[in-house]
Amino acid sequence: MATHLLVPLHVKYIQGLGESKDDLAYHLTAHLRLNAIYWGLTALSIVDRQDALDRDEMIEFVMSCWDEDAGAFGAHPNHDAHILATLSAIQILVMQDALDRLDVPKVVKFILSLQQPSGVFAGDSFGEIDTRFSYCAVSALSLLGRLHELDIEKTTNYIIQCRNFDGGFGSCVGAESHAGQVWVCVAALAIMDRLDVVDVPTLAWWLAERQLPSGGLNGRPEKLPDVCYSHWALSSLAILKKLSWIDADKTISFILSAQDSEGGGIADRAGDMVDVFHTVFGIAGLSLLGYPDLLDLDPVYCMPAATIERMGLRKDWQALERRTTTMS
Amino acid sequence: MTSASEEEFDVILLGTGLTESITAAALAKAGVKVAQIDTNPYYGAENASLSLDELIQWADEQNSTSSQERAPYYLLGRFRRGQLRTVPGSKEDIFKSTEITLLEKRRVMRFLMFAASEFEEKPEFQGKKDLPFSEFLDSAFSLSSAMSTVICFALAYCFHPSDSTPNALSRIRRYLRSHGRYGPSSFIIGQYGGAGEIAQGFCRTAAVHGGVYILGRSIRSITPIPSLDAPSDHPEQNAQAPSYDVTLNDFPEHLISRVLISSPLLAPEDLRGSAEYIPLDQSYDHAHFGLTVARCIAIIDQPIIFASAPAAADEEDTEDLEGPKARQPDPSDVASIIFPPSTLENGSDSAAATVIVMGAGTMSTPEGKWIVYIMLPVPENTRLSSEDVLQPYLSHILTLTSVPDSGDQSDHGSSHLLFKLFYLEHNDPPQSPTAPCTSSSSFFITPPSTQHPAEIFDCATSSAETTFWRTIRALQSTRVLQLNNGDDGCATLEVDSFWPPLDRDAEEEEEEEW
Amino acid sequence: MHGVKRQTQQAIADRKQREKSKIEGLLKLTDAVLARKKGQDFSAEAFDATTQLLTVNPEFYTIWNYRRNILTNGLFRESTPEAINELLSGELALTMKFLQAHPKVYWIWNHRQWCLQNVPPGPGSDVDGWKKKYWAFELQAVEKMLNADARNFHAWNYRRYVLANMPVPRPESSELTYTMKKIESNFSNFSAWHQRSKVYTSLWHQGKLDPIKSKEKEFELVRNAMYTDPDDQSIWMYHRWLVGLGHDKELLDREIGVIHELLEEQPDSKWCMESLVHYKRLILTNYPSNQDPELVADCVRLLDQLKDIDSARRHRYEEIRQNIESIGGRS
């Protein structure tokens, strides 16, 4: 079992993703293509290998996903526009410093059109609502420098209604707290400078209790651990500045154990099939926990911290100090 | 050399009880050529499922002094005691129970966690494992005597308070680990409520893999002959174990076999001296073999009614939060009722009686009828008849067929009794292995069935596995093997496992993705 | 991928070989359906093609969108309410089939919800007739999904949606019975406790239930659960909700007593200690008195123990300890 991060293998794995057209799974995940590119690019950025994927090719692909009718991005050429894909497209363009390719007013119009009277956002014109989409809207508008066009109070009020007695947040009013929903809500509130509505001691307690004896974190009480919660729960804790409330060493070894030491990539748990989703969130978690030789991840935007800082968007979060050696 | 009147097998098994049937199926799956013979016209030997007519015929055939054993298969839903109380057999039961104090809930749970674990390593076990189980419970877990009784007789299914602690704990562990395997209960029900169909299912598996079956023929002779694999030029120098020539009445062919396996009942007297007795697994309590057990089979046309416990909170009607709900009668299709010693007037004060009730849901009765099985270990030389011993239990069960306080009690339910049959079962105890096992044996006698209702399958499976490996070893030691695959018979027998796992995708709990 | 076992490189190569024709078929079908979509083909043939494609890939959200467009812009247009009702029944049967194989795909649940929103009035003058039938069925369907996986949050969310939008509302209290059933079959089911907290809050808010009386019942229930399995965190979280901000000193004292007794029986219980610290802090904060130094000492002792037995979270315990000592220093 690997005891350190297999950076070259992961780089190779991510590079190989675009070339797996002989894999049925590749085609069955076309509806996630733009998200997958964002995940891959972010993972590469954190291991300081952003150059591993061709910039121009990537930008051209992003632009080929543009849905002119809706004025936003689909996940793949000829797929319908959706706020999930749209945020990914914006994040990629930001990281590649290519926002000039974007028809910003049109995208802003699309995003703002999705806000419902209750304050929550729909994912597209078909009206599915979820606090995930609120985060997408807030994050995207912020990255585009257009947050001032958002009705922040209305947006915040809906999130407040999703707050539960355990301090966490659910996907809509009445829904159970879930580490992923906690992150989207807390990060959206952080961007809107409304963290004052978070019950920090209770929520940070709930988040810290996501860590299991294996070192991995689960998403809800009495569930199995999963590498992707290293991002959802750890990023939330970083935003609340309580990242020290869990055992970093154990989480690091849990994430490292989920690596595929043959083909690269990280899985949800040791021995399972890897994917780019768990690869980026595993690396993101390692970065927040101070794993050596990684670049800082911004837990609010889930993008390289340097990029966010350069844009003047950095919020007041706290990761663990970067270590100089693998073992503490 | 196979002539028209001879057929050659690797293994002949006498008896179609569970142990022999599982062994036959495993051997046939491994590519061994088997034949299985039973003198009965049905499969399952002492575990057979009989129709009512067959049962009556069987009973008529029994001589009152030497009744043949017949252990029905037991399975259970819930479990009650004294004035009939639910047995707390799971975390949920304990959580829900309104009859256990908070403190005792903690202690029982601690005990169950202990029993479900590798308790052999735990400090509570060390130094106390030689205590009788009832004393172990008292001294290691500070349980109330009522709770100890429930655990001892209704979870561990001890026959006597003196039953061994390691065996009782193993039974509880098996019970707890079975929870949720096939649904919320630890118990499964064989078709027609018994094990006969299951024994037959294994026979069918063996047949699918080339096994030959002959039922309802009595054995005329079994003769040891020089080994089939002896060098043909010098058969007289053969140092190998003999092969066997089996002939049956009303069956023309000679059946020749390298290895002979027999149930204890069918093993020919004159060959027992040369037999190797397959040893019993130590985790099965030897005190549960070779017992005299009084048994009753009765048929009733009213279900046993359990007054169901009030729901812990029934809030359907918010206006009525405080009002206790009327206790609804809960007619059970399947139930297991335990009478620990000294709980019934005129009942046994030394042993626990087990009662199993089965209705139409088990396919062992038509709608509206229930079979009641009662079993109680009795002293070996008892002078009482099985009816004397068991009638108090049957009478008590009959009173449970009427709803309490319904005015239907005057007849004590006896008018609902349609059929009853009592008998005593004497079992031979297992033989301890006669000689140190040598690889040269070619005649094996399987261990007897346990009389413990909760262990019939497990014990048979364990005995079958031991018999299987012993047989494989015996076959491997022969020079040449004639395998089923019809080649020239020079293949070696390679066996990886007793029962190869089925190919199946291991589905784990899937965490949500988004 | 979640919970999918890793394969060897050889197995992957073999699988790819087998998948070749499947990929060709999928791409051909995808192109065909997307071409129809581009041509605004709202015909029954197009509808059937989406069924085929979604059967292969139920996560293809664009195709669900197209399917809904075919229904609203095509098939519904020429249809009687009866025929629309038929079509929607078909949609529900199809999504149910998909959900059994993919119980956690957002897009399928989403489509199902869209169907419910589009049930036409009828039959005849009974404007809610079909709706009632659908909703009754949905409640059963979602119970089935929750029987298969009692923690599926999609199913719980959907359940709340169904309950909130029933043509004939069910008394909210019946949800207490349902959650009790789920809790009794497994009290580690935090989803059920969560739901219970929502239902109670609503019933108290509407004055339909007396908060004091119902809380007593819940305390009793939780007490049974915590004695049965003190390691289960869901019950301790629920207990914390029941106690709330600690504005009832008598109740706080009583619950502290209960937990102390349990700790005596189970001296290594992390959750007993953690909860005792929490409730004692509530007393320190809400009811300053001359008992404070004793309470502070209690908490510090418990926190020191917690740092040992739950060392992963030791920094949290240390922070609380410092915080408490500062309260102690103040008084």
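Chains: A, B and C, in written order; residue numbering restarts at 1 for each.
We take it that contacts are C-beta pairs under 8 Å (C-beta built on N, C-alpha and C of every residue); 3 or more make two chains touch, one makes a residue touch a chain.
Just so you know, these numbers come straight off a predicted model, no measurement behind them.
Undergrad: Using only alpha carbons, which chain's centroid is the nearest to the whole structure's centroid?
TA: C
Undergrad: Any chance you could check whether B-C or A-C wins on number of contacting C-beta pairs?
TA: Counting C-beta pairs in contact for B-C and A-C gives the edge to A-C.
Undergrad: Roughly how far is chain A from chain B, going centre to centre by Cα mean, in whole Å?
TA: That pair's centroid distance is 56 Å.
Undergrad: In whole angstrom, what separates the CA-based centres of chain B and chain C?
TA: Centre-to-centre distance between chain B and chain C: 42 Å.
Undergrad: I'd like to verify one number: the distance from the centre of chain A to the centre of chain C, where each centre is the average of its C-alpha atoms, in whole angstrom.
TA: 22
Undergrad: Note the residues in chain C that touch 2 or more other chains, in rising order.
TA: 2-3, 5, 106, 153, in rising order.
Undergrad: Which parts of chain B, given as residue numbers and ranges, touch two or more other chains?
TA: 509, 511-514
Undergrad: Among all residues of chain A, which ones touch two or more of the remaining chains?
TA: 178, 223, 226, 268
Undergrad: Which bits of chain A are touching chain C when the two form their complex?
TA: Per the touch definition, chain A meets chain C at residues 21-25, 27-32, 74-75, 78-80, 82, 124, 126-128, 164-166, 170-172, 174-178, 204-206, 208-209, 211, 213, 220-223, 226, 242, 244-247, 250, 260, 262-263, 267-269, 271-275.
Undergrad: With touch defined as at the start, can you tell me which chain C residues reach chain B in the complex?
TA: For this pair, the touching residues of chain C are 2-3, 5, 104, 106, 152-154, 171, 173-174, 176-177, 180, 184-187, 203, 208-209, 213-214, 217, 221, 223-225, 227-230, 261-262, 265-266.
Undergrad: Touching residues of chain C toward chain A in the complex: what are they?
TA: Against chain A, chain C makes touches at 1-7, 9, 16, 19-20, 22-23, 26-27, 30, 34, 38, 56-57, 59-62, 65, 68, 106, 110, 113-114, 151, 153, 156-157, 160, 188-191, 194-195, 197-198, 232-234, 237, 240-241, 311-313, 315-316, 319.
Undergrad: For the complex, give me every residue of chain B touching chain C.
TA: 91-92, 94-96, 102-103, 105-107, 109-110, 184, 311-318, 321-322, 506-514
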